[in-house]
Structures are given as structure tokens and as C-alpha cells.
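In the two assemblies presented below, chain A is common to both, partnered first by chain B and then by chain C.
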Partner chain A sequence: MRLISMQNSVPVSDDLHHQPAAKRARGSRKIAGRALVLLASLGFLLVLFIQILHTTGTSTAGFSDWRPILIAYPVWAVAFGIGQVLTRGERGQRALFLLPAVFFTVAVVIFPTIFGIYIASLDWNLSSIEGPRFSGFDNVRGMLNDTYYWNALGNMVFYTAAVLGEYAIAFGLALLLSAEIRARKFFRVVFLLPMMLSPVAVSWMIGKSLMEYRFGPAATLARYLGWDNPAFFASPWMARFSIQAMDAWVSIPFIMIILLAGLQAMPKEVQEAAKVDGANGWQSFWHVTFPIMLPVSITVLIIRIIFKLKLADLVINVTAGGPGGATDTVSSFIYRVYRDRSNVGYGTALAMVYLLMIIVLLTVLLRLSKRWTQKIV
Partner chain B sequence: MTRSTLALKPVQRRPAAPRAKRTLSRVLIYAALLFWTIICLFPIYWTVTTSFKSAVDVTQAHLVPWVDFQPDWKGWRSLGLSPDTLFGTSTARSEFANRFVNSIITSVGASLLALILGSLAAYGLSRFRYKFAWMRNDDILFFFMSQLILPPVVLALPFLVLYKALALLDTRLGLVLLYTLTVLPIVIWIMRDQFNAIPIELDEAAFVDGLSTWGAFLRIILPLAVPGMMAAFILSLVLCWNEYFFAALLTSTDAKTLPVMVASQTGSQGINWWSMAALSTAAIAPLVLVGIFLERYIVSGLTTGAGK
Partner chain C sequence: MVKQQEHDQHPAMHPSRRTVLKSAAGAAALGTSGALGAFSELAFAQANLRAEITKIPGVGKGAPTDADWQKVGELCLGPTKASIKEGEFKGVELSFMGLNNQNLHNLLFRGFLKPWEAYTGARISWIDLAQADYNPRLQQAIATGTVDFDILEMGAPFEGDVCGKGLASEMPDWVKKQIDVDDYVDYLKPPVGTWNGKTYRVTIDGDCHNFNYRTDIFSDPTLAKAWKDAGNSTDWGVPKTWQQVQAVTKFLKGKKIKNQNAFGYLDAPKPWGGFGFYFLGSRASAYAKHPDDKAWLFDIDTMKPRINNPAWVRAIQDVIDALPFEPADQLNADPNTTGFQQFLAGIGSMIPWWGDIGQVAKASDTSVIGDVVAFDILPGSDDVYNSKTGKWDKLSSGPNHAPNCAYLGWGVYVMARVNGDEKKHKAAWSAAAHLGGKDLSLWMVMYPSGFQAHRTSHFLYDEWVAAGYDRKYITSYLNSQLASYNHPNRAVEPRIPGIFQYYSIAEDELTKIFAGKVDAQTGANNIAAAWEKLTDQIGRERQIGLYKASLGV
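Coming up: the complex of A and B.
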């Protein structure tokens, strides 16, 4: 009792004896901060506990869904932030910059990913009567024999390799835009536009109407140029190229704009020096511009590959993977496993294996790229 | 001295390079520019004009309005957006308006949330040294950036189950949270470059003037970072507005967004080209306008970071 009353008296004495109180006040703030965090944590755990009891049926008291947890979490996070400032002062204020993003990401990623690993080990088909059943690594074993999955992975190799082509075109366009031209702003806006369009809309605009076999303008043009049977989505390789062309159309502007930003940030003297030394256009590009742009290039290539590995909406909406899985990406294939076969456990297992492959691939890429960029700089 | 003699060199050489060659390269540059302009604009032009065509004009590939074909509000009438149907009641229009509002709320909401969270984290990472267990600044940055590689398929199903429990299925809030996650790494990436480009002496001057850490950030640094924030916001907006995968899986009636509506229309075979074209045009129009009017912010916002 006595202890508590003493603590309470501290803020009162704060104003009266300014100098000596400061130290004690900090101590009390520390305690107040700790108490706040403790209280908030207890409250959060209490809500969680009640809800778990309610869901498992041990207790009738509780809420109809887990919404309260959703509210309790930010409240706890805010309390934790205030607690940080109270206990750690300036350093707590600094931590406050980072904490919101950390709490958000942890809440939204960590739990679903762990839960996803759990689902991946289940034999769970929504259309069968029996519910989820634990099956360990059965899904992964099934995957090894799934030719469609390996086929989709093979397609991903093609799509990913095609990023280099997109990059080459985008670099060309960026160089064109940074050359001395009239109406530069107009061209820049126009070249950027495809990036703004939704892939779903593009899949109709280009895939289903422009490239339409009977009277799409692209088919008409192809006939005029001497291709008798302009079926863009009939043969496997043609379909793959068509999907890739559409994806390139949408994504080249992004690569271009980053490269353009890099070109604009490049010191003008370097290129002038190359000119002075008598280098022609190709030489000054290959020996000056390209090496200077290499770090930017590698960054944009890696980001582009990351996005390419997620490619799904175009394929789902234009070909649905056909003909015979020739255009399937891993994402679109898993989408069909979910939607058409309702095979939840298997689909998630495929996704998890895919994630592992991506992590390995990107780790290797990042290591390699670090070596290259260091060599240049 | 040496510099001036070097600079003279090309002047002496220039006559050797014939004028014709320069003209040729000009012509080639403009030809390439025009070619790519056509590639960029033709699909948009085709979609917009098709929304005014009747069946005959579509099948006969008529291209130029008033010359080839007589434009008609056909596609827009089916959406309830043509002049004669605009003030009547239309179920198609109210559905479209609902999806449109959903798309705006989810994409703007997610972009704003990501911008706030991302700017704060980026500023912290660019100015202070953190230590959390074994993680230093670089590790924390990598933790954020690594969220970028998560393919939507990995998160799709866990989120479906999670959102069901949280009663977030088919709500805009659910989509906002998920979209924020997908664009947060990009915002942090752009904003960190932006803050790194602002000299740290400005912060120190602010401290000397008696501002606190947060005061210096909010009143001195943040106003200087507006170009980067615009670029990050627009890029997030583009990604969120166009997102299809999660929206298709996590919404059914209330929170459906425009891409899902467009996709569900393309799926049915007997759909009219003109109404499909009108729908696509309406779906891409907002971002096309954003692209035309805010394009300079994207480039200028990215330029500060790309230099390194």
C-alpha cells in the first residue's frame, strides 16, 4: 500500500522541486510505461483466451467471431508504443518510426505463413465430405508426380528468361527518351500508359479482342503480312509468346521509367568526356552508360523477376492455362487447383514449394548481383 | 589547358561526319518513337472506339469513327452511362458504380496506409541505428523487402481461412490490409532512397533549433520528401487498383472490385464486344488520367533514388 501511494505522489512533487524530481520522475515514467505495456498485454491475452475458450466450446461467454482480436491487436500495439516512449525516452521515440510497420507486417505475414505450412500438410478437399485430415508430406510426394506442375515450372523459366528481352527493349526506349528529342513529355506519358492498365482489362483489350482470330486487328494485320492462319493461342509456343508479349506490353514501362530515372541521375560530364575521347554512339553506350547503369539495371531486373514470378491474372483470363497447359504459370495452375478441384491442401503445398524455390533463386541472384555490382563500383 | 585542346578535337572531326548521317539518325529516332507510340496507344484506341461500335463495325474491323463507321452510344448504354440512360435507373450502372467505389476505397486506402507506415519506417531506417535481437538496419530492411517475393498464391488460402474467422471476408477493410502488405516494400524502398538523398545536416539543424525527433521529421524532412511520396503513392495506387488475384478470391458480393467485374464479364462467352469495351474503358480510365496528369511525379520521385 505504502509503495503505491509513494509512487503516486511523485508527479505531484514534480513541479515543486524541479531539479531533484527530474530523476525520480524518469523512474516513475519507466514504471508507468512498463505497467502500461503489461496491462495491455494482459488485456490482449485475456481477450484471446476468452475467444479460444469460446471457440473450443469450453465457455459460452465470448464473441461470435474473432473481430475483437482484430481490434485488441492495434490497441495493444499503441499501448506498446507509448510504453516504449515512456520507458526509453528518446530511443523509444526513434523506435516509434519503425514499430508500426513491423507490427503490421508481423501480424499480416507471419501468422498466415505458418498457418499456410500447416494447411500444406493436410489432405483437404473442399468438395469431399470428410474434412481436413493430416497427411504429412503426401502432398509434396503427389507434387513430384504432377507433370502439370513441372510443366508450369518450365513455363516460368521461359517467362523469367523473357525478362531480359523486356529489359533490352525498355533500355532502348529509355535511351530514346533521354536523347535530344522534341515533345519528350508527350512520348514519356504515352510510353508510360500501358503500365497503368489493369492486366485483366488488358487480357480482354488485347488477348480477347485485338488478337481475336476472326476479326481482331492484330489477326487482320498478320493475315495481311502473309500469315494465313493467325491463331495466337492455338499452338503451344505461339500461345506462350502471345502471353509473354502482353505481359511485356504492360510491364516494359515500369522497367523503362526506372532506367530513365537512372539515366537522368547520371552525371552529364561522363558522357561528354566519352564524346571528347572520340567514342562513337555504340562505344560510349557500351563502355560508359551501360556500366554506370549496371546497379540500377540489376535492381530493376530483380524487382521485375519477382513480379514476373507472380504472373497469373493474364493467363487466368486469356487462356486459362491452355492449350494443354502450355501457357500455365505456377500461380495460375494453383489457382485452378483451388477453384476447379477445390483441392485446398494440395494447392497450398504446391504454393509453399514454389515459395521455397523462389527464396533459393533470389538468394542466389542477390549474391551474384552483389558480386557484379561491387566489381564495377 | 589540356581540357581546351581536347574539347577542340570533335570540332575538327565534325566535318568528317556527314550531315546526312545525322539526319538519318534523327529520322530513325523519330521512327522508333512513333512506332512505339502506336504500339502503346493502339490497344487503348481500339478499346475506346469499339465501345461505340455496332456488331457489323466490329466484324468488318472498321477503325476510324465518322469515316468508317457511325459512332453510337451502344456500349455505354448497356452500362447505363450513355447520355440517354444516364438519368434513368439502371441496375448495370448501380453495379458498376458500386464496384468502382470499392476499387477507389481499397486502392486509395491501402496506398495511404502503406505510405504512412512505409514513410515512417523508411525514415527510421535511413536516420537511426536499430538493434533488435540479431537484426541490424540492413536485416530489418531485408525483412521488409522480402515480403515482396511472397507470391499471392502462398497467402491466398491462409488469408481466406483467417478472414473468415475475423469476419473480414468480402469486406473492403480486408482488402485494404492485404493490399497494404503487398505495396509496403515498394513504398519503403522508394522512401528510403528519398530520405537518404536528404542531407542529415538538416535534421541536426532542426535539433539545434529545439525541435524533437518527431518535430524535425514532420516539419522539416517530410515536406522535402513529397516528390518521393507522390511517386510511391502513384505506384501503390496502380498496383492496388489493378490487383485481381486476391480480390477474386476474397470478395464475392459486397467488396468486389472492378478487375473482378471485368474478369467475370469476359468469362461468359456471349458477351457483346461493345459493352465489354465500354466496361474496360471505364475500368482503365481513372489510371490513364492519373498517368497523364501525374506522370512527372513518378519520374522525378524515382530519380533521386535511382542515382545510387
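Coming up: the complex of A and C.
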């Protein structure tokens, strides 16, 4: 067989190496392969069908749990792989490199997403004795009238807009750290430290200690500066700004380090040319550095927005969404619905809608940014 | 094992001089009735055992260690040995799910049960959960039919979810006898721990909110003078009603005590995973819990929420009115803040809390109020709302008191999945009975364990003093609890499924009210609407039935 001879021929000649891969399997093997895939698929579907009937109470035959289906899936996957090799020969073998990743993605991403959509259509409170009930779009309709959800979304607009502020500060720091300053390496490491801290640690160290009203050094300093009642989390806007400040402290280093990498990759000649042409500092930044950095900036902003939309830990720990929902985020609200109230169906529906919103927002952002970056480049 | 048996016999045969003196009165009484004999030996043995275990390691002699827990567990094995043969449960494997809060709960249970495992031959595997993970883990296990534990540490509010769904095993009579269920304080007796007339729970904890106040502030002559100067006709002293609490809180704003800003009552407006609602409940119970009515949170026959009735709205309004007179950042204070960062640190003069404050105030290095704190039942109200007539009643007996028996404490439950296996069933119940044993429980309520007094026998003050407690302090502390537990008008937790969901929703709306976004009545109406929706989602008819069962009507 050609395949075997290929494996035995050492070293492989260039001719062989560049052979087109379309080594097709023989007819009988093709049939065997197809039969194997068909049988395995039928077997898998049959087991699945029996278990669905059993779970829905239509049939008494079935398994006590879904574990056999979990085992049937990889068995079917292996049979499918063998079937591919038998049917498609070498092309089938190539497919084997890809198939595990595909099956894995189907198992841990695509199936859970579809299952999540199904859960989102249920009226399912864990305390309900009847268990889950199909309710169609009731959860989404409920969401439309849920003032807490819309309030949290409104807050997300503020938090997301604040990313621009974080970006501006990070850009300034990146410019400083890319300049020829003393102890540059030391500062680079120091400025990165907040990023390495867990937001939960930050919420305790800063939100609940440093900014603590009674003994926190930040509150003491504020009193010294003339603020009588330095309560960082008692009024809505102050609380919102305080949460944002903490999140910014953790995240600015991330933006900064990406921008710094971009600045260092920037050709020095362009800056020098600008200088020769008589541009001052601001002009060379605004007309040269900033436009060149735009693709990096857009990338880092989009990554940062994705992270920002998931903001929850700081809020849950420091303010629990208060005062009066002023600092609530969509994620922290979903956390309460799902965890404190065991409202699985509604919580999943909220998360699914939010996922859709994020996908749409990011698609739009990416398209817009593509136009901008293309114009510049 | 021999060594242990000798140890058990020793105190019975050779009572110490001290114990003899301590028990002299009781012994004399028995002697005159002619019952002195084997019974008195038992009494001596038990008194001696109690005195012995409560000295391990000794109050004020550092935190108990695993070795101490094991020692206590071993000394308290007597009742187990009386009903179980050595090695009887060899080969039995049990799974125990509980908490690991503050490195207590399950960690203590491990130590207590080690000698039990060694004696009976059973083996226990542990599922440790943080408080925040507990509810979701339990609910998911119930909802998905994946109960993977045989013994469960659980709070009474979850009984609706577990016992109401037939997931718990009914307590055998021999266990009731072994743990002496008649010794429980009144409010922990049935219906608590029971469901549809069947007993499920080995009680290891008792819970109520008591009133913690500062003695120095309420005996301060300067403040007393200022109080009179302000035109008050009453004497300066510890408030007995919520009306007085409000007046004192408003008066103390801007006053100084020991050169520090004085504050009155401390509210906890920030949500706390549902538990914060209990603190509004403590403010509301005297207004809302009428002596002629067992219910105070929902109407019994319809589950119509009472949260928006005039009594609850008045309590909410009290918080709104008091907040400007409390510390400036009070809006961001949850009960953990009011209890541990404010009151124990010397800020504020009155808070409601569970017994933890009293346990920690004396023992912890972080507390600065150990010598100036005392305890009482929650304040009353001059009038109480009558839900049936829709009117405020003034009782002829004086102010209405309704101590808030919040949460009802932790218990140990055996799951129904052991019912099919007789040996396992007996083993699981034996382990639960060992943990809930009368003597072992005394040690648990005296030392840091996460549990507080819950048996009548826990209120023998001499035992506390002998263990190292200050008599005046412990008398005040225990009296406040005993009076709450046994109060005829106590407000008892509704043990219905999803009760924390109700509390959690209320907390969200309350934070909006306290932040000034909506007024008290509108906010309370919003809570009521959300509660109605939740009741429908969980199942109204069933909730009504379970609510009635939980109130024993």
C-alpha cells in the first residue's frame, strides 16, 4: 500500500513530500467507512432518543442519568474519525487533526450555548416544587419590564464610556515610560503591579480598607484636605466614580503595557522626520504617533470594553450594587438573580440577551474600527 | 478504647471535691426523696463531665484546637457507647455536607466525630462549603436530584426546601431520647425541626436578634443632663421602645462621648445576600407581630405579603428618618459592618444582632466594648398593627414586644437516601445524635463554634462562670436570649421554600428606598408585587400549605 510505503520510506523524498494528498480509499473501504459512520450515528441518536423519551416520562426504558450519553458522544466521535479515514483516505487522516478540536468545541461551547438558550426559555426557580416549565419568551418579556436590568445597563454605559478615560491616562503613562527617563524598567514593573492583583483583593484592600470611612487612609487624607464626610460609597455618583476608579487602577496597566509595546514597535524614523519638519511635541503626537498607534489603540480598547462589560467582582464585594442600584452592573445583577434567588431560567435569559448585546456591539465596533484603521494605514 | 472507658468511669467513681460541693444541693434534694443511689452517680458523672469539658481549653485561654475538639468529642461518647456496639458500623461510609465559616462548623464536627468514627468503625467524607456557596449548592442538589450527602448541616429556613420535598429522614425515637429533645428551649420545639408532624432536625444552634447596647453611654451624666436640657421628660436610659430608639438616635447626633462622636442606633441598609432583611425585620417585629396573630410577614390563607402594610412601612420609614443621624457612610454599611467594624469598635450605642456580638465582645482583641456592653430583648412599641382590623392597637399590658427569632439556627439533618440501608441509617443518625448531644452542645455554645445557646440546660449560669465567664456579663447576655426564645409573642422565621429569595428581592428594593429613589410606601409596594410574583413562580397553593405548617397552624 502506498500509505504504508510512505511511512516506511525514510527519508521522504521531496517528490513524495509534495505529492497532492488526494489518495483516495478503495470502494470497499469507502462503503465500510460510511457504514461505520452511519451505524455509529444511528446508535448515538438512538441512545439519545431513548434517554429523551425516558427523561420526558414518555418511556420507562432509559438510563438513570445522562452519563451514558456523555460516553456515547466520544465513542461516536472516534467512530466518525475512523469512518473519515476509511472513506476519504489521506484526506480523512488530515481531518483527524481538526476533528478533536471540532468535537471539543461542539461539546464545551456550541452545545452549552444551545442548551443555555433552552434554559433561558424556562420558568425555572430552583425552589419551585414543579421544577422547570417551558415559558417561551416570558423571561425576555419580563426583562423588558425589569427596571433593575435597565438600570444596570445604564450604569454599563457609564462604565464603558469611562474606558476612554482609562485609555487616555494609560496612553500618557505609556508615553512617559517609553521616554528616556530614569529607572524606566523599575517604573514599568511597578506600574504593572495593580494588574497582577485579583479584583477581589483590590475590593478588600482598597474599597473596604483604604477607602473605609472611619479608618481608611484615603478617607483620612480627604478629611485633612477639607472633606468633612469622606464617604466614598454613600452617594450614587460618588460611589459610581469610586468603583470606576478602582477598576481603572487595576486595568490601566493592561492598556498601558499594550500601548507601550506599540510605541516601541513604532519606527523611530517617522518621529525624527516629524522633528526635522519642525513639528512640536503636541503636533508630532497628534499627527504622527497617535494615528500610527490607532490600530493598537482600537485593539486594546475593544479588549478592554469586553473586560469592562463583565465587571462584577468589585461591585459585588464593595457596594453590592448600591446605593440604590447606582453601581450595579449587569453581571452583578445576574449574579444576584441566579445565586441569591435561584432563578435559573430568568438569570440565564438575562445572560443570553446580554451576550447577544455584547456580540452586536463588538461586531459594530470592529467594523467601524476596520474602516478607521484602513483609512489610516 | 479501654483507656477511654476507664476515663469515662473515672469521674463517676471518684467525683472531685469541687464537683461534690457544686452538686451538693441537688444531691441533698435527691437524698431526701430517697432516690439517692445509681441515679445520683449518673448525675455526678454528668455534672463532672460538663465541668470537665467546659475547661477545655478554658475560656480566655486561647482558641480551641483540633486536639481540643477531639478530646471533647471523645469525652462525650458516653451516649453513643450506650446504644452502639464497638465497631458496629465497620464498612459504613457517610458523606457530610456543611459549612467552613471562620474555620468553624465542619472543622469542629470533624474533630468531634473522629473518636466516634474510631469507636463505631464508620468513615465520614466531608463536603465543606463557604456560606455564600451553601444555598446555591444545596438548591442545585435538590433541583437536579443529585443529593450526594447523607448528613447535612442546615439552617431551619431551608427546611421547606428539604423536608417539604421529602428529602430528609425522619428522626428515630432512640435519637430523640439520646439527645433529649425536651431540653430544647421553647421556640425550638415543634413545629421548628418538624414537618407535617415528623421530626427531622437535631438542633445544634439557636438564633434570635437581641438588643446590644452600650452601658457607658446610657449612664453618662453629661448626656443625661443634655437629654433633660433638651426638654425630654423621661430619664436618660436604655430605650425600651422603638419610639425611644428613634428619639435617642436623633438626640445623640453631634454629641461626644470620651471625645468621640456619639451615635445612637446603627441601621444596616446595604444588602447582605438576603440576611440583611432580618435587620429590618427586627425593627418591624414590634409593629407588625400582633400577639393575637401568628403571622407577620404574609397573610396565612393567601400568602398576600404584609411588607407594604402600615407596620412594615413604619419600620422602613424609621430607617429613612434615622439614617441622617447615623454615621455619614451608613448607606454602605451591611450588618457585618454595623456589628464588627462599628459597634465592636466603639461606634454607635445600639444594634440588633445574633449572639455573636456578645460572644466576641469579651473574647476578641479587636473589641473595645467588652466592659461597657449589655444585652436585652429587642425594643417594643407603644402600639402594634392589627392586620385583621387594619388598626393600630395599644395593648393594656404595655408596649408590644416581639423578639425576632431570625434564622432559627443550624441543625443536623439526615437525608432520606440512607433510609434503604438499615446500618447506614443507624450510623448517620448516631453521628448526628453525637454532634447534637446535650453535653457536647454545652461546649459548642461556650466556645467559638458558630452556634449559640439553644437548650434550657445551657442557661445554668454557674457552669458559664465556672468555665471563666464574668457573671454579670453572662447573665445579661443569656437572659436576653432566653427571654427572646421563650417570649410568647416571638416573631418566628417562616420556613417556606425560597425564603431567602424573598429576602434578597426585598434587599434590592430597600436599598433604592434608603438611597431616596422611591418613598417607603412605593418601595414596599414594589417588594410586595415582586413577592407575589415569586410566590406564583414557586407555587402559591403549596407555599400557603408550607407556611401554615411552619407556623404550626
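Methods note: the second predicted complex is superposed on the first by the 273 of 377 C-alpha atoms of A that agree within 3 Å, B and C clash if a C-alpha of one lies under 4 Å from a C-alpha of the other, contacts with A are read in each partner's own complex, and residues count from 1 in each chain.
The rule we apply is simple: a residue touches a chain if its C-beta (ideal position, glycine included) is under 8 Å from a C-beta of that chain, and two chains touch if they have at least 3 such contacts.
On a predicted model such as this, the values are computed, not experimentally measured, just so you know.
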{"item": "Chain B versus chain C as contact partner of A:213, first or second or both or neither", "value": "second"}
{"item": "More chain A residues in contact - chain B or chain C", "value": "B"}
{"item": "Touching partner for A:236 - first (chain B), second (chain C), both, neither", "value": "second"}
{"item": "Contacts of A:203 with chain B and chain C, given as first, second, both or neither", "value": "first"}
{"item": "Which superposed partner A:144 touches (first chain B, second chain C, both, neither)", "value": "neither"}
{"item": "Touched partner set for A:190, first chain B, second chain C, both or neither", "value": "first"}
{"item": "Touching both chain C and chain B, counted on chain A across the two superposed complexes", "value": "214, 344"}
{"item": "Chain C contact footprint on chain A (complex, rising order)", "value": "123, 125-131, 148, 212-214, 228-229, 231-234, 236, 239, 319-326, 336, 339-344"}
{"item": "Residues of chain C touching chain A in the complex", "value": "132, 135-136, 139-140, 142-143, 161, 164-165, 269-274, 327-332, 334, 341-342, 345, 347, 497-498, 500-501, 504-505, 508, 511-517, 534, 537-539, 542"}
{"item": "Interface residues, chain B side, partner chain A - complex", "value": "6-7, 9-10, 13, 29-30, 32-33, 36-37, 39-44, 46-47, 50, 58-61, 63, 116-118, 120-121, 123-125, 128, 130, 140, 143-144, 147-159, 161-162, 165-168, 177-178, 180-181, 184, 188, 212-214, 217, 238, 241-242, 244-245, 249, 258-260, 262-263, 266-267, 273, 276-277, 280, 283-284, 287-288, 290-292, 295-296, 298-299, 302-308"}
{"item": "Of all residues in chain A, those that touch chain B in their complex", "value": "65-67, 69-70, 90, 93-98, 100-102, 104-105, 108-109, 111-113, 115-116, 119, 172-173, 176, 179, 181, 185, 187-206, 208-210, 214-215, 217, 220, 249, 257-258, 260-262, 264-266, 275-278, 295-296, 303, 306, 309-310, 312-313, 316-317, 330-331, 334-335, 338, 344, 347-348, 350-352, 354-355, 358-359, 362"}
